[in-house]
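Data first, discussion second: the structure below is written as structure tokens.
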């Protein structure tokens, strides 16, 4: 089949009068020429999606440091791909896979690790990481980067979701949010706070960043906290998990908040900053923006949990892996290690106010020992959970996000979750079951 | 009703309707000159459309972040090449389908219409394979050549050329003028409005190119304005002021082009010899 | 038989040698004129689409091009059992059925409004055309805010008249209509431009002569303006239909197909399956069915318009 397609494509090339159809299409990543001619220098291509300015600069700094440290041996050429607010970067990867032009080192979003690993686009890196190294990563990084017992891609940084609160509003109602993880608000306590504070054009909370990946990233934890998840631990089945009794309970809680208008389904991005929401489910990335609002006095407390349930928190980040196309996997793994070592972790964490991916990095980040950031560190290093590790993740997240959004707008809870389970199980059976 | 009252009524209707249509553009432009914190804070009142707290910070920050002028030049260059070469290729094809008789004409016309229907999403990957095989990735031809011929433009030209009276063409042909000469010296001058319309519609549609350039370009050198804009849609926090600034900056050329082409609308009437 | 035919042809030829030469010249010119466009279309549109049709018969994960597998009509079997496909098809046709007549009428009205010799007409034209050139991101932010179920401007206006808050985009019953309303507003300027180009071709004499004959403005419109716009109108209706069935951006940005799939369209389904889920085979099968349905609609419409 593939041969037929290639042959037809060759015909096209000739038809177009270009006559270059003989191209083998198996060149692999660019920039390997030097190694092949016998020189010592190995050139590696590295793709990653464009991020914010500070983050971009941090990567440039770390790549320059790498090239200096390995001068004459390895040269890492970083190519920044526009990502936008869509799947443009993933589409670019799809195209590169189809044409065998993946770079040696490739950045990928955490939940895609399983998908890429199952498709054999990236290779396992276990042999390059010592046990000590692995233990130094926060647990969610290892969970996110592993597929079927092998470790493929370490996260560059971590993330977390906490509950921000508006101090003035809390003071007004005499509410003292917890500052110890064992006292974290339960859903019911949080609900009471929202009920109390939601008046005069102020919402009880602000919790919709977008209606896509955010929905899975933030709200899967409600399932986990209630003792279930949205798929089984093996990632092979959603039936009986996403739509389990506990799952329905979690979704119903979120629906109750929506029905009682305790949050805005289409909030302005700056609702909390303008004092129009008493609390906010958000992440460390929100913090730099707060300083533009001098009237805002804010604090951080823990991700709410189910009474008697598990304390948990979202996590996840972009990771780096070595592509199966690479002719220099050893050198590429060297680069991956460098980009995720303690120094890189510290540089990144400092530049973008995101929590570090390594426990040891926090030694150099004293600001995380004090409130408010201590909350983030505690969550990241102890209770955070990665999103489901499954090759069918693209379907899972899309359908889950759609269903949860529907539920928040009043759709029948069980029916919506049943449909997620059915679609996911179908997809998994059709495309990933052995 | 007198002419004067008709004019007054028309102007009134037009003014009310114009406000309803232009508000988003106005909001975008005004917001681009506001501090980040005011953009959404002002949204719930008329302040949203008033240039309060004027600042150029968004533009400074945006231009600091990316080489916007370079992206603009790139876009102007390749989109103009598509649109101009498109005018040539598609207009003669549309003319043949409208006025020349040859076997298979109806079939070609139907095929052209059918091709307008093909969803671009479904051919994106196969088209990428072809362009990759031609070794055009990361070169201008990848952005230009596949889009020169355009079934939409062909069909539009064809429909407009149908309205040209046959007598004019026949008399030229009897005078011994070749079909090409007839087309260039008679049809083209008669068709200012349609050429202008096809040009601007084609230009706008490619000005918005995003998915395709992502696939076929990797380096910095061929990036267009849409890729520039998308730089600012990153992980949160998203700076809407900078987004509004780049969007405003990239919409201006289109508005200028639109104004520029207005004169061809009038030209269509005068040059056809029917009173202007 | 053959001899008779050729004799006849020969006779015709001798009768009108010059006419024949001209006809031949026209045929040659015809083929020459279409060649550049046809070659480009074949290479960059027909061929890729043939591949898409081929992919429709395969199981093809975009990340596993090495594992592409021929599965016959399996994708089509799945598709015809997929309730989401029927739902998307229905939504697509519903959107098209409303948007095409409404949008074309609005566009024609706008074109007539700015076809007069008014001092500010260029400003009006820019205003009507501006939603077409303004980024969809900006438009979406504003309309999502206008439609906000809790605090939107439209709801404030409704409250003023004693009508309670409406959910608009966030309700399965109202979402599609909210998108339709917005789409007409957003895209009418596009068709206006084409009508305007068409109106410029109508000789001013005709309208003036008729106005001397005592025809009022409405009669002028009905009996002179509209008939002379026939070819343009056919074009506008056809392309509006084709653009409408491809509805993608508005639901993608504003509702992501929801709530409860009430704004899921075929184009959205194709994108989601083909790119997000990487099921290129299945997505191609949907494209093929989509293509066949729309071809059927456009050609029956064309026939209907011609037979009129």
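Every chain is named by a letter (A, B and C) in the order it is written, and numbering of its residues begins at 1.
Here is the rule we go by: contacts are C-beta pairs under 8 Å (C-beta built on N, C-alpha and C of every residue); 3 or more make two chains touch, one makes a residue touch a chain.
Keep in mind that what you see is a predicted model, and the values were worked out from it rather than measured.
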Which pairing of chains gives the most C-beta pairs in contact? B-C
Need the most distant chain from subunit B, centre defined as the mean of C-alpha atoms. A
Taking the mean of the CA coordinates per chain, how far is subunit A from subunit C in Å? 38
Subunit B and subunit C have mean C-alpha positions lying a whole-number Å distance apart equal to 16
Each of the following residues of subunit C touches two or more other chains, namely 43, 47, 51, 62, 145, 151, 275
Residue numbers in subunit A touching 2 or more other chains? 5, 12, 16, 91, 94, 98, 268
Which residues belonging to subunit B are in contact with no fewer than two other chains? 43, 125, 129-130, 233
What residues on subunit A touch subunit C, complex-wise? 1-2, 5, 8, 12, 15-16, 87, 90-91, 94, 97-98, 115-116, 119, 121, 201, 211-212, 261, 264-266, 268, 394-395, 398, 401-402, 405-406, 409-411, 416, 427, 431
Which residues of subunit B touch subunit C once you look at their complex with the stated criterion? 7, 10-11, 13-15, 17-25, 27-28, 43-44, 89-90, 92-93, 95-97, 100-103, 105, 108, 110, 112-119, 121-123, 125-127, 129-130, 145-149, 151-152, 154-156, 159-160, 162-163, 173, 178-180, 183, 192-194, 196-197, 200-201, 204, 229, 233, 243-244, 247, 251, 254-255, 258-259, 262, 265-266, 268-269, 272, 274-275
Under the stated contact criterion, what part of subunit A meets subunit B in this complex? 5, 9-10, 12-13, 16, 18, 20-21, 23, 25, 47, 50-53, 79, 81-85, 88, 91-92, 94-95, 98-99, 101, 209, 268-270, 273-274, 283, 285-286, 288-289, 292-293
Residues of subunit C defined as touching subunit A within the complex: 43, 47, 51, 54, 58-59, 61-66, 68-70, 144-145, 147-151, 167, 169-172, 256-261, 272, 275-279
Subunit C contacts subunit B in the complex at 22-23, 25-27, 29-31, 33-34, 36-41, 43-49, 51-52, 55, 62, 110, 113-114, 116, 118, 120-135, 137-139, 142, 145, 151, 153, 185, 189-190, 193-194, 196-198, 200-201, 203-205, 228, 231-232, 234-235, 238-239, 242, 245-246, 248, 267, 270-271, 274-275, 280, 283-284, 287, 290-291, 294-295, 298-299, 302
